[in-house]
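Have a look at these structures, which come just after this line.
The same chain A turns up in both complexes below, where it pairs with chain B and then with chain C.
Right, the complex of A and B next:
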């Protein structure tokens, strides 16, 4: 072999570990290790635990937790409540977020100030939001009933969080108040990326505002809307602090979402193995929900 | 990028990763002379208690210069979650405080340090200072896992000013539940003339809360009812006494309306606020009630305005046990690196002089006989003497590791009945079945419980 070609070949073999891809991998390696430690280990423990008998010191493999789940009415109830909560809040976040984003995208004075005001609810932690709204919803001490009674809207103390019919709408309202800014920010960024020329051209052609919305705004925003929907759905599925502080799942399991039910079995009843089984089921559901989003991101990459 | 530069960057990256791991994994330096004990208690979130504990630890650190106390406040509702997570992770406070509600579960899970060698080293008769029934709950298979702290019976508190306004004699509190209901109806009224009820006769906890147990249990026991069968293998909610107690509890909300609206969202803090604002005239509470109500509204002068009385009983019966007792306990973490020092802290906070201090500062009674039975200031106090006297009529709830799940089933049944989602009978029946399912682990195969 030609010595120079041999040296080049040797160099390429030696240089292979230092390719751009490998360098990139090395730079993210600490982060991956941390994720494996913080996420991977607990997930693996939960999966292993889910196949162990409840409260048993002898860890033998069993499917009893999953069989129990199938017959657990409260588990299915919590799943139903979760889906109602997630679907309602995600759609309302989108609706309210879209309207506010459109308003903030307009050329108005003090635009930055209004954007700041619009984002403020999102800065309130979940737990604090739950506590604030619980106080506001209090039938005799809360400000909501006080205002409604002063305005003559009602003469009775409305039991916002104590009524099975009103509890979920009340929680959803509080969650939409806190959560819409997240979707609003994403949509606002998308709106600002739409070329102005499209609107100008449409106006020249005599398009109305509604037609601009339907034929320009929404089609251009479709990808952004899907991303916002996907992310919001995943996050809403995991919602916990707000409902924990408002009702702890009451009255009578009517607001008991799955994350709360898992929490109770883990930290209140110490049924670690059974709770692990539910957590695994919850994780599988969330993987299924997030699969379209992951595919979208992977395709883009 | 040159080869040398690349190699250098990789080297720096690997070195940084190694140093990061080393600081986490490698043990610390030599043992310090002063030992730090982390002390965790939900009382540290209550101003009057926080002051008392801080004063106490100044004394402790003077007497034990080799021990430094680090305070770790925790909310009452979150303490089990925090301690469970920390202990499972191999960390956590050295000394912590729990309600009796959780002791059994913690014992069974191995979350408590075996204090037996320390107790034995104190000499024979050390545990004689405490009421026998409280010490028994701290043991598992003859070994000590906790030392009892506060021990108080649940009693009826009422606002004597509201009594007078309603034409009732504050010196004659209700003795039976029938009288209680009559009083509650008279006390439920529109005081400011705006056409709306603004004061209700009774306030209670209907939210999912450990506090529910302390408020429902006296009603159940004073109707001569029980939660479980004698052998703790079956639910006893199917007895006429239990059904009557639940119906009475429910009717106060749905029929007589002597409880403020929204009861299923009312937790202990809300009820005390209602008492402080004179929105309710009566509640079930214990030693902690007057100081907390007073803190919520100093203008009320709760320590003067409130009075205490034994829990009413069902007319025509004289059950021996009519109420329940609150019991708390101090324990040491199994992960502590300083068990001897932690034991010194536990001994200190449960000592006679400190238990007397807790009464002086926070009006809580003690599980020590030489305090609740002998401390002069306590026996002269208008609230404490009633609470102490009722201890002989108090019974603990069943001490099972499944108890939190059982009581939540009953809490939920009460909510379902309050809201009309189910009739009281149906709600109680469902709770009965659920509890029997939970207790099936204690029954032999084929052994069945009576149906509702």
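Right, the complex of A and C next:
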């Protein structure tokens, strides 16, 4: 601490107009240095590697990884699976989260109790969430088929995670359990921030609950909804542990999301260069999707 | 006079469904963990165990390296939470109070780093750690997790510091407090709730991760609870009661943290999001 302080003092004497600005920069510096160390180097290495030939000692510039990518059916498959997974989970988190937030924002008893229960699943790590639901989905030993059978919905053991058709919806259902509470918390805070007077005025004018929802609640909540959507999309794109533990991408490749497919190329087949190329494409997709969000937020700051 | 319309029951109806959906997996996890192996493999399954037993907890604690995993998870998560919250609060202060050149760009870059997928980073990071001898060590893992949590911590804490009136800083400065002194004596005490929220958030992220420990550790010595459990589930024969007992133990720290600090966390998470 001392050297930086004396440096500050020196700076203050010799460059008075810049000193205040420079102090601010010093506060940010440790963060920047750490990010360069733990993010900058790996990203640079990955980008360089992605342009190197696979399994070769000779480092030269080539586009072969990216060309190979275009013809890799499994890559396109994983891209499709990822988009299905991200879009449906994000929309469901938002829908369920919104409804539950509205319910919690109504005049109800035991509000604190219900809020506690509503957030609970969010504390479970996604890896563990995957384990619990994998067992719940177990055809013969799991609780889900047991409930459905005793309710008379089905008479045969449904293979939730082993059927190519059911595997993604099943994973999505499990993910919604863990994921919607976070969106719900943000929306609830947004709801509570809406001025009461607006509702009172509407009530005086004889507005119905539905009209209140459409003309007051949703417009007021728009910013919060957009932020929740952006944050959630980013996180869902990176999801790894949940599917790793539920299906490892199977059956076949039907639930193989991009992060899992890249991981397999890296640490199962050891195609470092090819996997790097794929990861770079993934990063670019994420940056493009989130660019409006970053711009909006950085400008406001 | 209060309106007595049947619609007012709708929220309760929704919340009852929410309770069922949210709690059944917890009940199932816990009830399986106290079943005998025999009962867990009974068809059809029972929701509540007929002969509750702690045998699975006993086995997983005594016969596996689970206690070791638990300690590793704790050390790594605490380390990550402390490091990223401290550095994040410094940066948050810098971004909140100073308007230096390139500030907006830097904020943009820090936000953008959150978009980098873990699978892009782990490979090169793995090679880097091997080269500098930090592979399979606590510092290596803590640094790795900090890369995930730091951008978010910085952003959250900047939001908190923004809410502290700047007159406080100025009053301190008039009293002869240096910038660093203002940060330590004025800002830090005021944003303690924010620091707590940020720490829990970083803790939860590090605690729940699988990808990085999968790649950056080998063997038992540095494995975390999430990795240990994931290894158990990929074994040929899955012993569900033990696995669920482990899951219960792994879920407890985040759950307890959340219960104790619920208000801090909710405030912390929403302060930034709702305000922007």
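Here is the rule we use: the second predicted complex is superposed on the first by the 282 of 301 C-alpha atoms of A that agree within 3 Å, B and C clash if a C-alpha of one lies under 4 Å from a C-alpha of the other, contacts with A are read in each partner's own complex, and residues count from 1 in each chain.
Methods note: a contact is a pair of C-beta atoms (placed from the backbone, for glycine too) under 8 Å apart; a residue touches a chain by one contact, two chains touch by 3 or more.
All values derive from a computational prediction rather than experimental measurement.
Peer 1: Clash or fit: chain B against chain C, after overlaying the two structures on chain A?
Peer 2: In the superposition, chain B runs into chain C.
Peer 1: Does the superposition put A:26 against chain B (first), chain C (second), both, or neither?
Peer 2: After superposition on chain A, A:26 lies in contact with both partners, chain B and chain C.
Peer 1: Is the number of chain A residues in contact higher for chain B or for chain C?
Peer 2: Touching more residues of chain A than the other partner does is C.
Peer 1: Just chain B (first), just chain C (second), both, or neither: which does A:240 touch?
Peer 2: In the superposition, A:240 contacts chain C only.
Peer 1: Examine A:78 and indicate which partner it touches, taking first as chain B and second as chain C; both and neither are also allowed.
Peer 2: In the superposition, A:78 touches no partner, neither chain B nor chain C.
Peer 1: So, A:162: does it touch chain B (first), chain C (second), both, or neither?
Peer 2: It touches chain B, and chain C stays clear.
Peer 1: Per the contact definition in the header, classify A:141: touching chain B only (first), chain C only (second), both, or neither.
Peer 2: Touch partners of A:141: chain B and chain C.
Peer 1: Between chain B (first) and chain C (second), which does A:267 come into contact with in this model arrangement: first, second, both, or neither?
Peer 2: both
Peer 1: For A:252, decide between first (touching chain B), second (touching chain C), both and neither.
Peer 2: It touches chain B, and chain C stays clear.
Peer 1: Where does A:126 make contact in the superposed view: on chain B (first), on chain C (second), on both, or on neither?
Peer 2: second
Peer 1: Looking at the overlay, what does A:88 touch: chain B (first), chain C (second), both, or neither?
Peer 2: Neither partner.
Peer 1: Considering each complex separately, which residues of chain A are in contact with chain B in the first and with chain C in the second?
Peer 2: 23, 26-27, 30, 134, 140-141, 149, 248, 263, 266-267
Peer 1: Note which residues of chain C are touching chain A in the complex, please.
Peer 2: 7-8, 10-12, 14-15, 18-19, 21-26, 28-29, 32, 40-41, 43-45, 47, 87-88, 90-91, 93-95, 97-101, 103-104, 106-108, 110-125, 127-128, 143-144, 146-147, 150-151, 154, 158, 178-180, 183, 204, 207-211, 214-215, 226, 229-230, 233-234, 240, 243-244, 247, 250-251, 254-255, 257-259, 262, 266, 269-270, 273-274, 276
Peer 1: Once bound in the complex, which stretches of chain B touch chain A?
Peer 2: These residues of chain B touch chain A: 3, 6-7, 9-10, 13, 16-17, 20, 80-81, 84-85, 105, 108-109, 195-196, 198, 206-209, 260-265, 270, 273-274, 277, 279, 401-402, 404-405, 408, 412-413, 415-416, 418-419, 421-422, 427, 441.
Peer 1: Quick one: in the complex, what on chain A touches chain B?
Peer 2: Against chain B, chain A makes touches at 15, 18, 23, 26-27, 29-30, 33, 55, 134, 137-141, 149, 155-157, 159-164, 247-254, 263-264, 266-271.
Peer 1: Where on chain A is chain C touching in the complex?
Peer 2: It comes out as residues 1, 5, 8, 20-28, 30-32, 34-35, 37-39, 41-43, 45-46, 49, 99-100, 102-104, 106-108, 114, 116-121, 123-129, 131-136, 140-143, 146, 149-150, 177, 181-182, 185-186, 188-190, 193, 209, 223-224, 227-228, 231, 234, 237-238, 240-241, 244-245, 248, 258-259, 262-263, 266-267, 272, 275-276, 279-280, 282-283, 286-287, 290, 294-295, 297-301.
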